[in-house]
Amino acid sequence: MTTAPLTAAARPSRATAEPWPVRVLLLGVAGVFLGLFLVLPLVAVFAQALENGLAAYGAALVDPDARGAIGLTMLTAAIVLPLNVVFGVAAAWAIAKFEFRGKSLLLTLIDLPFAVSPVISGLIYVLLFGAQGWLGPWLAAHGIKVIFAVPGIVLATLFVTCPLVARELIPLMQSQGTEEEEAALVLGARGGQVFWRVTLPNIKWGLLYGAILCNARAMGEFGAVSVVSGHIRGLTNTLTLHVEILYNEYNFAGAFAVASLLTLLALVTLGAKQLVEWRTRRGGRAERAAEAAPAGGIP
Amino acid sequence: MAIAALQLRKRSVLPGFGLALGFTLLYFGLVVLIPLAALVVRGMQVDSAAFLKTVTAPRALAAYRLSFGASLAAAGLNVVFGAIVAWALVRYRFPLKKVVDALVDLPFALPTAVAGIALTSLYAPTGWLGRPLAALGVPVAYTPLGVVVALTFVGLPFVVRTVQPVLEDLDAELEEAAASLGAQRWQTIRRVILPEVLPALATGFALALARALGEYGSVIFIAGNMPLKTEVVPLLIVIKLEQFDTGGAAALALVMLAASFVLLLTINLLQRWSTRRRAPLGD
Amino acid sequence: MSIAVRRVSKTFGTFRALDDVSLDVRTGELVALLGPSGSGKTTLLRIIAGLETPDAGTIHFHGEDATALRVQDRRVGFVFQHYALFRHMTVFENVAFGLRVRPRRVRPDRREIRRRVQRLLELVQLEWLADRYPAQLSGGQRQRVALARALAVEPKVLLLDEPFGALDARVRAELRRWLRRLHNEIHVTGVLVTHDQEEALEVADRVVVLNQGRIEQVGTPEEVFHHPATEFVMHFLGHVNVFRGRFVGQKAVFGGIELDVPDAPETGSLEARGFVRPHDLDLSVTPGPDTLLEGTVMRVNAAGPQVKVELRSDAGEVIHVELSQERYRALALAAGMRAYVRPRDIKLFPSNARAAGAAAPVG
């Protein structure tokens, strides 16, 4: 057999494995590709953020404009997250547990926000609420600002992140079927009891991950928010817009310091995904193990 | 709402259908469908001659060429390298595999602006990769090649994540059967594995393409944004908007929206194809 | 509590799952709904439970119309085919669920719930597994947890959907006998869905045979096995040989045998079809007056309580015969020998003879 370092194949049979030089070559290509496109950018963010030392890094983060951006970003996420969680649960309940006409159309439409450019996601709200938009004159007459203000940022973020929780829950709830809910009904449970006691505990991990993902995307949205925000410093600046401003002002260390916060958030999100997958896979594995075990007879 | 819903569905004993579907439609309608409809209506309102002039202006045509060309190139790169990455993740063992697997999703989770400045700093003429590449006579940042790099980054997870589960579900017996029938390893891969993976590859390609076409954040930093040269369509829309040419922005956006729709439908058909192909035999 | 099903119909899209079905289940009896997949048996069970609504017809519990009663209010125990245990709850919590979700006024207190769950777990012999999760149990154990959970609400009716379908053959046989004993102890009215004729015949007081949304026959296991009402029931409840004959006047003629059929068809197709179970056929090595046909012995399998003989007639039909070991030894049969087939009992069905239930004994 081979003595090459990285070639221990997952399957033992030689008939279904490539010769070792091929394996080394494929692993090398995959490694270089991922290294260039994933690892190097990550390293670059932190390296550039710390270029001028820890003190400069800290200063960039406590700068009043940066703090304002952090505040607005958190406010946006705090509004968007609960709304999209409720939407995701409602949509998944209707789509996964019931049969109705137009279901596959609805399922396709839910992906729309993923399919359109983030620039368009912002633009549509400018067309509705902007100065030249349909509701613009009426809003201006009543002194309500949507575009170039916080409501516009919230709306654009809502649009972009709206499918995330639903997308996470629908396949999960479809795979779980309706038998447990039916069992609860037969045992006398009312509608609310069925949801809180049976459905929710079964989807909690998927829901948690959907929420974390939704949060990360809400905090990290750039294109859509950029179109509606008006880039007013300290007022309508989210974290990502703040990064852009600093970068365009050639304050690279500052831009990367703020970017490193968002990068940490992304890494936490990836970690959460692994955790949730591990939890659900562990459940599935225990079930399969018991299934394979000899069925216990009656004592 | 509840009454209409009752007629729509096959009757079920589970509660809450009317409420759930009603809220879903109301919310989705308000947040997504009505605003999108506003774009369509606004785009239509543009006088047709002006519409044509906007969407066929040389600057717009150059932007389409760059957007579609760079997106196709990036999606193509992702098909080749994404398939290799998926294969390595499913079939081989190597150190830090779990971490690598998790990291593949980074472009989903990392804000595009962050990706944009990170890639730009790497590939700029003064950057870690930009300097040696420039010395070789291959400038990346502020050229169409830079756009391809950024779009490859944002599309990277799609092919890997659509191909990976198909490879995982692939029955080892299939390959053993092929081998027992005398097929060489490369024949097994070409004639047995590739056809199985093909729908997933196509789906991944379409998903990466759709994502790349609309991409804004990661591109604008690395592209240089020179009109007629390195300006992508989403950027052109933003520029129109900043010039208070709302109609022009809406017209260009409508063209992009139409392209997105076609891709979304294609993706749907592809996904149906791949789930049909993956349906278990028997039963 | 008795159950009455009155003229129930149900379609799914264009598929007719139940077609004008009526059925009575008496208090305390255990009835099996038996049929192939797609025969409507599970749909009928789910309609009785209130999990599906019939398109037409009514369900009565103890003489009262329960058609409009919600599933939560029917007080039925339902055991799902794949058990539908709540995977995030322990065995104890699963069994306690039906009591915990009751409105406060009628909810037993904690100690009472604990006592009742404990008693049920003893009944299904699983008290030692109370703190396990469903994923940690074997199939047979999950089945019994599902049963205990269904019984916890003290249902007047127990409905079981393919209760042993997902278990291997040995556990299945054990659980079957155990369920029969349990039913004798608690005496709840029970309806059980199965596609396994052996299971239905062994467990049930009465068997309802369903086919394509209609009831073919209702009767005790003995009745449906020995006196099948239709061709379908005959086929479904065991192996059967079909012989082709002719109607001549008031008689059906099969080879050398003539059967009296008072209202045999006088016009139209005069082909008669006679059905004989393998154990109702005898063989001899010499022809006699009651020989149905002759053929060559193709295969003999003597391993088992009965000897299975496969015969090929000169017309090419394959006939299956079951003989006792004694008879087989007396005949000294071997492959390649000529043999003469003699039926003890031929059944004709109204589908081709107008005679209702023309099961004509020979001899």
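Chains: A, B and C, in written order; residue numbering restarts at 1 for each.
The working rule: a residue touches a chain if its C-beta (ideal position, glycine included) is under 8 Å from a C-beta of that chain, and two chains touch if they have at least 3 such contacts.
Worth saying up front: this structure is predicted, and the values here are computed from it rather than measured.
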What chain is the most remote from chain B, judged by the mean position of CA atoms in each chain?
C
Which pair, A-B or A-C, has more C-beta contacts?
A-B
CA centroid of chain B to CA centroid of chain C, Å:
54
Approximately how many whole Å separate the CA-defined centres of chain A and chain B?
15
Cα centroid separation, chain A vs chain C, in Å, comes to 52
Could you check chain C for residues that touch two or more other chains and list them?
50-51, 71
Tell me, which residues of chain B touch at least two other chains?
10, 13
Residues of chain A that contact two or more other chains, please.
182, 185, 190
Across the complex, what residues on chain A touch chain C?
179-180, 182-190, 193, 197-198, 201-202, 283, 286-287, 290-291, 293-299
Contact residues on chain B for chain A in the complex?
5, 8-10, 12-17, 19-21, 23-25, 27-28, 31-36, 38-39, 42, 81, 84-85, 87-94, 98, 100, 102-115, 117-119, 121-122, 127-129, 152-153, 156, 172, 175-176, 179-180, 185, 188, 210-211, 213-217, 221, 233-235, 237-238, 241, 244, 246, 249-250, 253, 256-257, 260-261, 263-265, 268
Chain C - residues contacting chain B, complex
12, 50-53, 70-71
Please give the residue numbers of chain A that touch chain B in the complex, ascending.
6-11, 13, 15-19, 23, 26-27, 29-30, 33-34, 36-42, 44-45, 48, 83, 86-87, 90-91, 93-95, 97-102, 106, 108-120, 123-128, 130, 132-134, 155, 158-159, 162, 178, 181-182, 185, 190-191, 194-195, 213, 216-217, 219-223, 226-227, 239-241, 243-244, 247, 252, 255-256, 259, 262-263, 265-267, 269-271, 273-274
Using the touch definition up top, name the residues of chain B that touch chain C in the complex.
10-11, 13
